[in-house]
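So that you can tell them apart, the chains are marked A, B, C and D in the order they are listed, and the count of residues begins at 1 in each.
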């Protein structure tokens, strides 16, 4: 298999996000869009031990263009990733299971809300003194069943770059993989600040 | 000594689990079963500095097939690992001393219980909306004295993939080393969520 | 581009501070002064993936002497870094977004204060039994708008080696990059101790 | 300078302990005794960036046998390390500034006490169901002024393998560097369990 920089990158980021605690237990993942090429990790593999040759290449319709030689299945998040790409033309989507995301869905109803934090500037469209909101939707038995409510939340919340899922995690996007990673880091940081503040009340 | 992939793997996973805080102070460990070959780390060695040539190879009866050239003794967990392999035909067992495991044995009696968390899907046989339970047994002076109550807990709890030990840690298993690692990560994550929730009450 | 030890060092420290949680989401940064040469990272780049050839070289007036071949912009912290260098002739400035810095600006008004902690000895001019204070200033919409109040805080507080910014982070300096890093680590440690103490009240 | 395994080891362990949060801000350290040769790190250097050629070699009287080519000074802990070696003939001493050590000196008076934790088995001479105690002494302005009270605490507490210093850290020892590292990890783990338990009350 030829060297492909996005397959390489997804493998690198898999290890990176594992170390951040976002994709332990094979959960979570990342998809990158390069024109009509969409790169997606396989389902149920250890993100800390993923290899570039394990990555799928599909188009926006979900047709598989390249697949691993072994018998891996494509990520269960695939329909969600594809619908987000179609809806907002983003360049990458990160799905994190960070414990912080689960805890803020406990602490907040309907929307995570924060204000007056410098890190808000890291989310495109937000300033420090704005009120930043992230919609929270209910979880479903199967990952693909989330598609409808995620797309609805995106359409109902023009400014948001992420949707939280109750007791589950977060989907985050951006113009490029770099901005998506930046958004994911900033959101996780903002969640952590609000969680720690509650402990200090 | 010839290269052996399981000895290599146990050394790698030792460092990995050390970094997760599961096997500090030479505690905890992992055993992998490949057919009739069972690979086990030595007793009392630093898991962050273990080498492939330090790993023992035994059979299901506990007969030593290969041992390190130095005078290391086999893990004190050996009888427990062997009895778990015989009881449920699993492919690997991880024993973790994660602080999270000790704290949940404080917070819960008889059973750790959680519900409605996405990460439950990572434990074979569980869905998101199921009630997930892990039996908690009492600790004993010597590690090998735990054998009877661990095997009883396995037999009494058909669905469980782990047994917690009060003030001590956890034993986790699965069909393969990959699934066992996945199970161990998912359980530790679920414990962490419930611990953090208590801090936020 | 020729090898330059300060460009190399800033790239290394970027990764290091990222791993400490000080510069996630492209926030935070470091500037090193070598005589009249001032090395500064670009704006909005991932500090965990920064390269030596991305680093700007400017003089004390802010004139750009060397810049990256790509179209990166210089850090938004540049006016702050330059004014700190002019005010106290320090050898490096670290700007951290550590969650600990944000939490102490919640817990304290006007000044972070601690006493009787060994780690105070790591801040030049302080002994264990001294009262250590760090001024806290208000945040502004734009980073460069902080310059005036940071310089005022430095002049009003002769002993301080750092200024905290409400809901934002900290600016830390020292005679050399080594002392600046030491100061930054000691302050973050002292903040963590006081935060954890509040949780244990 | 010739290769020396203990100088190499101290440099490796410096990085390791830094990553554990035990020696940030140039604080803390380790000394290893090999017969009459005692290896000690220099004062005030970054433990995450220490090199084997920076390590001093002294004898039990504190006479310097080998010193770095640069103008480094020997660790301020030297008199403490030497007196501990003379008093209990241990093979290594670790001095950690772990935040956990500071917090337990807040939570406990005179003695840290725990019971019924598996990890106690990692401290030589202790079983799971024993009561484990670590004496806490008062801090002093200068590190070397601690010598008297540390040696008194050692003599007054025959079983202890460590002494805690109020608002400061811990000194830990063992027969060998491996046992000393094991002791340090087990103590830090036990402290963390008791700290987390208080948060969950």
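Assume contacts are C-beta pairs under 8 Å (C-beta built on N, C-alpha and C of every residue); 3 or more make two chains touch, one makes a residue touch a chain.
Not measured: the values here are computed from a predicted model.
Any chain touching chain A that also touches chain B would appear here, but none does. Taking the CA centroid of chain D as reference, the farthest chain centroid is that of A.
As for how the two copies chain A and chain C face one another, under half of their interface residue numbers coincide. Remark: rotation between chain B and chain D after Cα superposition is 90° (nearest 5). Once the centre of each chain is set as its mean CA position, chain C and chain D turn out to be 30 Å apart.
In terms of their C-alpha centroids, the spacing between chain A and chain D amounts to 43 Å.
Shown for chain B are the residues in touch with two or more other chains, namely 199.
Chain-to-chain contact here is organised cyclically: the chains close a single ring, every chain touching exactly two others.
Every pair of chains in contact is given here: A-B, A-C, B-D, C-D. Chain A contributes residues 24-27, 44, 46, 48, 97, 99, 102-103, 106-107, 139-141, 165-169, 195, 198-199 to its touches with chain B in the complex.
Of all the residues in chain A, the ones that touch chain C in their complex are 16, 116-119, 122, 127-129, 178, 181-183, 185-186, 188-189, 192-193, 196-197, 199-200.
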